[in-house]
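Each structure below appears as structure tokens.
You will see two complexes here that share chain A, one where it goes with chain B and one where it goes with chain C.
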Partner chain A sequence: MEPVKINARQLFVLIVLFEHGSSIVIPLGVGAKQDVWLAILLGLTFGLLLFFVYYRLHRYYPDAPLTAYAQDIAGPWVGKILAFIYIVYFLYIASRVLRDFGELLLTFAYPETPLFILNAIMMLAVMYGVYKGIEVVARTGELFLTFLYLLAVSGFILIISTGLVDLHRLQPVLEEGWKRVWKVVFTETLYVPFGEMIVFTMLFPYMNNPKKMKQVAIAGMALSGINLAIIMTINIAVLGADVAARSTFPLLDTIRKIQVANFLERLDIFFMIALIIGGFFKVSVFFYAAVIGTANLFHMQNHQRLVYLLGLMVLLLSIAIASNYPEHIKEGLKIVTIYMHVPLQIIIPLCLLVAAAIRRRSFKQQ
Partner chain B sequence: MLFQWGLQKKQKEKKEPTIQQERDQSGQAQDVPREPIHSLLDVNLDIIRHTTGNSSDIVIRRFTIGQERSIRAALIFIDGLADEKNVYQFLLEPLMAATFPISLSSKDTLSFVEKKLAAVGGIKRISHWFDLFLALTSGETIILLDGMPSALSASTKGGETRAIQEPQTQLAIRGPRDGFTESLRMNTALIRRRIKNPNLWLETLKIGEVTQTDVAIMYVKGIANDDIVEEVKKRLRSIRIDSVLESGDIEQLIEDQTFTTFPTMYHTERPDVVAANLLEGRVAIFVEGTPFVLVAPALFIQFFQAVEDYYARFDIATALRFLRVLIFFLSLVAPAIYIAATTFHQEMIPTQLVIAIAAQREAVPFPAFVEALVMEVVFEILREAGVRLPRAVGQAVSIVGALVIGQAAVEAGFVSSAMVIVVSITAIASFATPSFAIAISARLIRFALMFLAAMFGFYGIIMGILVMTIHLCSLRSFGVPYMSPLAPFIPSNVGDTLFRVPTWAFKERPRLISQKNIVRQGEHQRPQPSSINRQEENEGEQS
Partner chain C sequence: MKRKMAMIFSLLLCAITLSGCWSKKELTDLAFVIAVGIDKTEDGKYMMIFQVVNPGNVAGATQRGGGSGGVPVSIYKATGDNVVEASRKASNKLSRLIYYAHTNLVVISEEIAKEGVDGLLDALERNSQFRTTAMVVIARHHSAEDVLKILTPIDKISANQIIKTLQFSEKVWGQTLNVRVGDVIHDLDSAGKAPIISGVEIVGAVKKGKRQTNVQASEPDARLNINGIAMFKNGKLVGWVFGETARGVLWVMDKIEQTSITVEWKRKKEAVAYKVVRAKTSVAAHMKNGKPSISIRIKAEGDIGESLVPIDFTNPMQIFALEKKIEQTIKNEVVHAVGKAKKEKTDVFGFGNAVYRSYPREWKKMKHVWDESIFPQLEVNVTVDAFVRRTELRTKPYIFGQ
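Now for the complex of A and B:
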């Protein structure tokens, strides 16, 4: 654990940036076609329920990260294994996000640059930030969130003012009934990005004002969910459900449609900035959680030395996890969701919570 | 030898061996005698002559005091440091005209001279050679009496100093015209004139084993954060160096982080800036011999605050602030964007513009990066030449620069004229940044960003700025986060950052700097002139 504290505003900023992360650029939940906003908002609702599980666990152990209280609840052996699994999970997701990020950059702007180089530059920045500590990352986030919002608002105004939005494309609502929406919720939007809040169980102990934590985290998640719903809805309203569902980066296609007075066109740079800022903070938070978890598990005083080693691991993993982009996407949608997200985001935290509650009760009775 | 003066004094006090003494054994000069001052006048004068190597600017005036019962005495001062008129009028004249009362014992002669004869403000009794030489070299006059094992030092500091002039840097259209000088006393007086308050505290210490330079710390007690004041003092006291010739010498020894291009201390030539900073709770460090006063802690945004922002009305000041941040950003990224746009992202430039640029670049034999690099380096050379050259030659440089770079290079086809425009914009932008310290760090980072742009286009630029921002957020100046009040965001202080709110809305001092006393003004400061008008109207109705 670093001897630093972050305040409520900084936690809020980190959550918002983290939740936006790569989700704003990928076709999030477009399987639900024009009901994507419904899928995202429902994902948010269930994500908030999940968050309460994490929050209760944190209330039982206000000064400890997930990797520490897992050992206390499940006993030293099982707990250590659980903590190790979570560290590997965080590292793996960090490298997945890094891979996403590199692939996006590769396809839309740098077809001839090696993926490894693109990822390496990003990872160097992440390592520098994490080396400086969570406080520095949070402060950087405060600056960039404002910047991101300015970009988003100006982009929004441009899209609206150029008359690209056609609200008829959002109709009919629930064309094929609820089934399609529920399917998207429980296979995609619940886990990414909302279930990924599990990583913040590693950051909650840094909070200097624990009383405000619940409302700040809920506000952050809600704001992100609403923003994501708006962004995806605009994508659908501009591109149409079919095009958006087939597009690799719906947001990029939307931005490319902007044309003002033959001068403001091809605003790809907007997209690139959003992509880099989001990617940076998402990788940073996962990577930081992994680094702190490792330092905690192996009782290391200083997390900074781990940054080099684990950073290199994430970088190499990001190249090694899949041989090409379709494989990477398929792994993400089929394998990771079932074998990683569901057990690690839902089942294990629930079990831990139940065990902790029982132990606490029996402890009281004694 | 000279270098060991200060050390021996300290050794006597602390009785601890110092490394410096071992390190510096080269000098052969005469040491300052360790023993106390001798009682025989001639011996003392010999010691002074010997120690100072018979330096020609040391004036030794021998005379006798008293008529019937006379006593031999000498005045010693350094020509040019002491005010000669004062020495003769208020020391030599009364001493030579004096008569001793008969009852006076020879023991009390010195105190009689001290109390009755020497007509100057500060007078001190000295019994050690170290103190004597320190007083002498600071411009004081030494009075030695025969048969007395101690001396008197009278403060006669004077001599020629530069008069108060308009500051050469940080010019302002509106605002006071006086600037700091090389004299520490005059500088502190300029602040005292502005803040007439007993809580304005001043502490002086000597830094530099050889130079024994006066360094003064000034702060407003009750507004300044005591922790920061203590921290400044602690860092100053731990300095062990032979010489301090400029405040930059000290700045580099006490700043928080060396390996950064960004300045974590602010320096200024303007007394009104220092006064304003003191009132915000900062600490000022004056150094004898330089008009540049250090201010700590310094925040990033401070380097964009020109002094006029506070004298001008808020809307104008806000517009100028935005302009300055834009300028800083331009001077950072303008050439990098040109490189990225022409090398990687032609599709992002509007079609007609890209055709125009491509037509110009057709004849240019270099890639955009080399072109930009060469032009930027040439410009840096020109600027460096312009700074150091005598004024008469400076014009020649600017003509050569304008002709060679502006026209000939384009006509010869070495560079495109678009590149010349970009370089000029960058150059003007870096001159327009209000603080030279931050402009120069932008100059360095610009080259790194150009390199990144050449390798990775906009991705490289954005990553470069991202890393720069992380770095900025990790900096601290005397414990205060460098990017505050933006990150960490402090709502009540944000009114003086990218924009400036009206003066009546400046309710609080910077929270992180002045931690306890943050209320700056009373309630209801917003001017409401309408009430006066209404009164007049009412009076008109009555009459």
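Now for the complex of A and C:
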């Protein structure tokens, strides 16, 4: 483990940037049409419940990351396999987010650039950040979050002042009842981005003020959830549910519609900055968790030597996982959700928590 | 030494990666397409017309006062089975790369509009250079090519002329409206609202219009004129509305900002001009015994612009009486517009959408028969509240004393 510490504010910043990450640009939960805001807020509610599971686990082992206490709870053999699975999971999701990022940039800004180049440049930056350690990434985050918020607020004002928002487009509420909303919650919004908080079980031990951790994490998640709900609601109110559902990047379409006073227009760069900042921190957090986990599992003192190797793996994986963008998205929504998010974000943490609780109790009785 | 090498290496790396010249396009290699026209050829293919800016002749023309140097735009054409093919094919006539990021106008010929615009717009929506905030017009009577060829005075680039005319005419007159590509796609996409697009026509001699001499006369031989609103059904143009009926459409859609309404007074037609300064329309759907109905509520505020008959405007009772007349006139416009749309069986006002918003469950049942059987029989109640707020600088007109 690195001897570094991050403070409460830095954890907050990391969580907010991580949660916004790619969710801000993709059509998050548009299956719920105009009720998408409900789907996101419900996803947040259940995501917070999941977070309590992760938090309880962390309270049992305040100084260890997930990969370490899994071995303690489930025994050395099963625990090592679990830890390995989690490392692969983090690496895979890191490469998925990297792919998302590259595809998005390619589609609207660099149509003639090969995907590999874009991903490689991004990955170089991520590798450098992770090599320097989580504290450096967190401090960078503090800078960029302010910047992102300035952009978001000015973008919001511009959208309103262009007169684009038509609240009628949010009606009718609950057109097909709650069923459609629940379906989206339990197939999409619960896992991405809220269930992905599982990756922070690897970072919690670095916190220098464990007492504040719960408040900070909940505040970070809630803020992100509310922000995402607002962003998707604006997208729907500007574009209409049908166009937003067909769009590859609804936020881009929304920003492109801004036209204020014949000169404040074509602000695509807003979207690009949001995409790059969010993408960088999401990949970094996943990648860092994977690197730290590997170092922990194989008892390496220095995680930095792993950065090159695993970084290269993430980069190659991001190219290899899908042959086209629709395939990539389909995998993400169907296969990854059922075979990865559900067991690794919900089932295994719950099992670990129950096992840990039972063991604690039997210890106390002795 | 090692440190120095590393520094130089990283600097070089930055120079290579940060300059972003992977797919560079020099300004002098780009042809800025300001307007795109779409026509149909005789053998059923699409013909794309590109109005490309002649950069040297735009800024220069105003300075030279008259622009004897050359025309501000030039026209390129290409045919193809679809929009993308035609657009790429144009490269064998153009010495530069076609660049769509500044395309602000799409002109669709009436012929194509009648066959359907469904497929056309996909290429425009999908392309990342092209903006869906570009405006759409239908070329009436003439081909899109003719419309884009006409040279215009005042605004040198005729696409800008059309765009500005659309914007200002909607604002102060309200018988045409500016529709963006995104709006049309949204309407085609969502149930219960059919698109409408304004028409542009050429008045005068088309052949003379494309010569520079057209803009050297005080009255050009050919002019572009915005006129009429095309109503679509299932993506196909089915009919036009003009004049006051067209304004009725805008009233319902809450697009009226300012306009002028002429009302009769004591059997004299066209007696008083009422200038609308502010207007607001709300449309609500109701459901009674499973039958939908629509209520339209229009609120207009304005001044007296002109009076050709002796009315005593110092007397509030007269003003109230006049307001009644204004309300009746506006209501007639709206009723005509609704009647016309009902006749064409196309819901251009989005009444279906209003029903969907308020009664989603009932809407599901009537969605498929809405255009054919429900909309034409729909009960539409119009209430207008018109207010004369001021009479401008005079009270009684000078003919009052006679």
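Things to note:
Methods note: the second predicted complex is superposed on the first by the 366 of 366 C-alpha atoms of A that agree within 3 Å, B and C clash if a C-alpha of one lies under 4 Å from a C-alpha of the other, contacts with A are read in each partner's own complex, and residues count from 1 in each chain.
Definition applied: a residue touches a chain if its C-beta (ideal position, glycine included) is under 8 Å from a C-beta of that chain, and two chains touch if they have at least 3 such contacts.
Because the structure is a prediction, the values reported are computed rather than measured.
Comparing chain C and chain B on the residues of chain A they touch gives the larger count to B.
After overlaying the two complexes on the shared chain, residue contacts for A:Pro172 are found with chain C alone; chain B is out of touch.
Residue contacts after overlaying the shared chain place A:Tyr110 against chain B and chain C alike. Once the two complexes are overlaid on the shared chain, A:Val136 sits against chain B while remaining clear of chain C.
Looking at the shared chain after the overlay, A:Ile319 reaches neither chain B nor chain C. Using the contact criterion defined above for the overlaid structures, shared-chain residue A:Ala125 touches chain B, although it does not reach chain C.
In the superposition on chain A, A:Phe280 contacts chain B only, with no contact to chain C.
By the document's definition of touching, of the two partners only chain C reaches A:Lys257; chain B does not.
Touch criterion not met for A:Val88: it reaches neither chain B nor chain C.
Comparing which residues of chain A touch chain B with which touch chain C, the overlap comprises 109-110, 113, 117, 121, 265-266.
Of all residues in chain B, those touching chain A in their complex are 344-345, 347-348, 350, 456-460, 462-463, 466-467, 469-471, 473-474, 481, 483, 486-489. Residues 107-113, 117, 121, 168, 171-172, 175-176, 239-240, 242-243, 246, 253, 256-257, 259, 265-266 of chain A touch chain C in their complex.
For chain C in complex with chain A, the residues that touch the partner chain are 17, 22-23, 101, 128, 131-133, 182, 185-186, 189-190, 356-360.
Only residues 7, 9-10, 105, 109-110, 113, 117-118, 121-122, 124-125, 128-129, 132-133, 136-137, 139-140, 142-144, 262-263, 265-269, 272-273, 276-277, 280 of chain A touch chain B when the two sit together in their complex.
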